[in-house]
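The following blocks contain the structures, represented as structure tokens.
Across the two complexes that follow, subunit A remains constant while its partner is subunit B and subsequently subunit C.
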Partner chain A sequence: MSAQPHPAPPTAPAVSEDDIAAFVVERFLPGVDAAELDAEYDLLATAVIDSLGVLRIAEWLADRYRIVVPDTELTSRNFRSVGAIRSTAERAAAGEGHV
Partner chain B sequence: MATSVEMGIVATGTSFGEQRGVAETAGAYVPDPEVVGALGYRTYHRVADGDTATDLAAEAAREALANADLDIVDIDLIVVGHSDVPEYLGWDSSAAVARALGAYGTPTVLCTQVCAAWSVALDHAAGAMALSADTGTVLVVLVNAASEAHTNRMDFNGAIASDGAVAAVLRRGHPRLRRLSSAHFTNPEYADFFRIEFGGSAAPVPPAGRDNLHADPMVGIFRHFDRDPGRFQAFMKEISGRIADVVDQALSRAGKDRTQLARLIYLNDNQQAIREAADAVGLPIERTNAELARELGHMGAADQLICLRRHIEDGEVAPGDLVALVGVAAPGMHWFCTLIEV
Partner chain C sequence: MTGTFVTRFAQHAATRPAAPALVWEDRTIGYAELYAMACRARAQVETAAPDASRPVGLRMRKSPEAVALVLGALMAGRRILLPSHELPDTPAKELYEQAGCGVVLGLAAGPLIDQVVDPHTVSGSAGGPPPTPVADDAIGFMLTTSGSTGLPKIVPLSFGAVTRFTAWGAETFGITPGTAVLNYAPLNFDLCLLDVWTTLAYGGTVVLVDPDRGASAGYLRDLVVDHRVSLIQGVPLLFQLLVEAAAGEEPLAGPEHLVFAGDSMPARVLAGLFTVFPKARWYNNYGCTETNNSFLHEVDRARPVRTPLPIGRPLPGVSWLVVGGNGRALTGPGQGELLVNTPFQTTGYTNVPSEEKFGPHPDGVPGLVYYHSGDIATRHEDGSLSILGRTDFMVKVRGFQVSTQQVEGILLDHPAVVEAAVVAIPDPVAGHRLHARLRLAEPGSVGVLALRQYCAERTVRAAIPGVIETVADPLPRTSTGKIDRNRIRESLAGASISHAPRGSS
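Let's look at the complex of A and B:
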């Protein structure tokens, strides 16, 4: 019996910071140009997002990228900037559990 | 049949831990002190190492007794509300406070419903007076000393936990600072919210790699609502809605309405939360304890009576003013209001 090649493992979707910024601006910063939102802009210290915002972003990541952020990763610090959201999503996509 | 007695606050006393600046010290507690700064607190209080909640409570009680020109033997009942982790498990800090005050034979009661303990304590005092003509003078002591081994005071459910105590001498028939009525609502669906995860009988010791200081209570809350933003948002609305409900119920029981309310004293929460509470009741934030909260921090069950005293000292309330002491407590969750006529 000849060996069949293994199917390539599914690759984690690339999470775009531009895409995250567009969602954050649309949902939490109406009137702001997404291009002006720096990836490290602190969304927590400036009260742009709160606990409800964390859930909305997690829901969006699941809808948009099929990435389910584990419950234990749903901490506000993991969503404090566009860059942090991307890192959180990538860890979740890679199956890593902890911050 | 009468269901309540008239009682008023004769005198109060307070004690605090050392006052510390948030900006100067938050970095020792959290990796992102700027987030803590956004809560709106300027300072908080921290009890000196080695000092205990009992020490704070007894100091406040001594001051209240002195201000009332009373001795401990004049007190018919001591009610202690303790809103953080006690010094020991299986221990009654109300008896410890009584001992520190030199009481002997005076009955004591301990209220442990965290930030709700002040309302429960005042209700218990009123109830005891209603049940027995022999109970005419009650000492209520409320204390909070955050156990930094169990909770991170800078990451305390959206507030900064602070250490302080207040004591009030209440007397039947006293015409000032009269407790008119109270109201209380409990939604037990949220009984597990914001609990301290490890150290109780269900989980005496944390599993490897976990501890109370790094257990984010929001994770359990998100799970409870199946991570559904809509359900979570409804919960947030419930918090404000029930604040309005208990205020209206307490007002109704006293034969009053919101137009007669001079001030709302909420728990010393973050500025946004106090603003939402004020909005729920229809008062401007200037007629709340928002500015005091910035300075005091969240002193658990002691918040409301400390702020009442401060508002009186600062001339922000006057005799005859109607003040609503209001709080939300978790675990519970409880919503409660006590109406005081200054």
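Let's look at the complex of A and C:
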């Protein structure tokens, strides 16, 4: 995805699983091809991310999509896989989280 | 004492002079010939090292002459310090000094060598007096630990300890005149107490592997076949090479006993052994330089083999305890450090304090000195023991005790993984983070994600390496064939920046 020079549009941007996978791989799985990372691959059980990793991903969602995941949603289960991260981000965007 | 392993060797030379003692390249050296070489070496040792109370340093590569020099020095009743010839000059010099060596002998001129001994010299007498009588507790061999962290420790072994060990080894593995035993280990290695010194004390034939060719699978296989080797003891690498060499060849029907030593045997290597050695009995050997063999497990080949192999039963005369975190001996299942006392053990280190590693234990047999093995043992419901790893390999990752060796074992069990090293790197947040470096049988045959999944199904999350790296080249090895984890750790220390967090855009 290309960089966005302008402020985020007023409607929630579509959160892309490819984009999440690319970030997870770059940040936590050096050397892995993002295309190999299945949306349902369990990132917690395989110790790709831990609670600190959850925070890093939340920070990235805020930077990239201007989506703030509320504290109550910052549970590891909500970040268990690329798919789960997308749902979490979408829920947050639909609620009060989106700035 | 009445007879030592050295006097037993001399008796074989007298009663069976033509019997083969050593095989080296395409030479066969008979007992009488080896004895004659040892007598000439002995005379030269006695001249070069007149003070019998001081140890003699030896520095040499493996060869029949080296075997003769060791025998000659022992026949002279000398203590001999035998470090690896690959030890660099500076630490080697320090070691000879710490041992109090009066002189350092070798077979060819070189650094640190005060005098060259020639076991073939014509002027020397090929006969001579019988081996000097020695007391049971007189020191003969002074072996050294591998020194993976700093200067090697000097481990003196008495003539009595080694003689008792050779009696056990010969009986257990049926070493008698005519038995051919492969010697893979370098001559300074404790495994030689079985391969070389037991074999010579009991009239067998030692088939010496040239360490320079020790990585050649075809060479090793030829030695085993051509010389009808019946006992093979070695590190997993040796067996891995023999399995590789067997591809497309007849099975090796000759060997009767395979003894696994030094490192835990990966399941994949064991699986290969089934077809290569159809007749052999398999033994998992547990011991160390300080105590020598202390446990032995014979693998039941008829049943599914699980790794890590158990260490089995204590040898006759061995006492042991597993001491838990509270400092008391376990009486039931649990985990803790294994403490052992063997009839073959050293009295303590020569060059470093021994108190930390040797001492009585309140829950042990009164009066016995136990060696703190540094190995974490699991005592199972049925009383059997298996080794989880070295205490040195136990690290804390996010508060969990993790054995990097155990993680290596899990990765090695994956069919696509040929070699695995897991090292712990200090981490300010997690305590340690684990880095795995793997070599795959076929590059790209398994991905990092699948390997992580494989680990997740088999161990706790803290034990799953933070980084799993696959490489194409063989992993670095030490001179004894073990994976050189220190070198891997050093290579990562320089490259750690590449795993640093990258900024998100």
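Assume the second predicted complex is superposed on the first by the 86 of 99 C-alpha atoms of A that agree within 3 Å, B and C clash if a C-alpha of one lies under 4 Å from a C-alpha of the other, contacts with A are read in each partner's own complex, and residues count from 1 in each chain.
Here is the rule we use: contacts are C-beta pairs under 8 Å (C-beta built on N, C-alpha and C of every residue); 3 or more make two chains touch, one makes a residue touch a chain.
Keep in mind the model is a prediction, meaning the values are calculated, not measured.
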Subunit B and subunit C placed together on subunit A: clash or fit? clash
- Message: Looking at A:Ala45, would you say it contacts subunit B, subunit C, both, or neither? Reply first, second, both or neither.
- Response: both
* To do: State whether A:Leu74 touches subunit B only (first), subunit C only (second), both chains, or neither.
  => first
Comparing subunit B and subunit C in the superposed model, the one touching more of subunit A is C
Quick check for you: in the superposed arrangement, does A:Asp18 touch first (subunit B), second (subunit C), both or neither? neither
Problem - First (subunit B), second (subunit C), both or neither touched by A:Leu37 - result: second
Next item on the list: Check whether A:Glu59 is in contact with subunit B, with subunit C, with both or with neither, and answer first, second, both or neither.
Entry: both
Going through subunit A, the residues touched by subunit B and also by subunit C turn out to be 42, 44-47, 52, 56, 59
The residues of subunit A that touch subunit B in their complex are 42, 44-47, 51-52, 54-56, 58-59, 71-72, 74-77, 80
Note: in the complex, subunit B contacts subunit A through residues 31-32, 34-35, 37-38, 216, 218-219, 221-223, 227-229, 232-233, 236, 272
Within the complex, subunit A is touched by subunit C residues 398, 429, 447-449, 452-453, 455-456, 461-462, 464, 466-467, 469, 498-499, 501-502, 504-505
Given the complex, residues on subunit A that touch subunit C span 3, 23, 26-27, 29-32, 36-38, 41-42, 44-48, 50, 52, 56, 59-60, 63-64
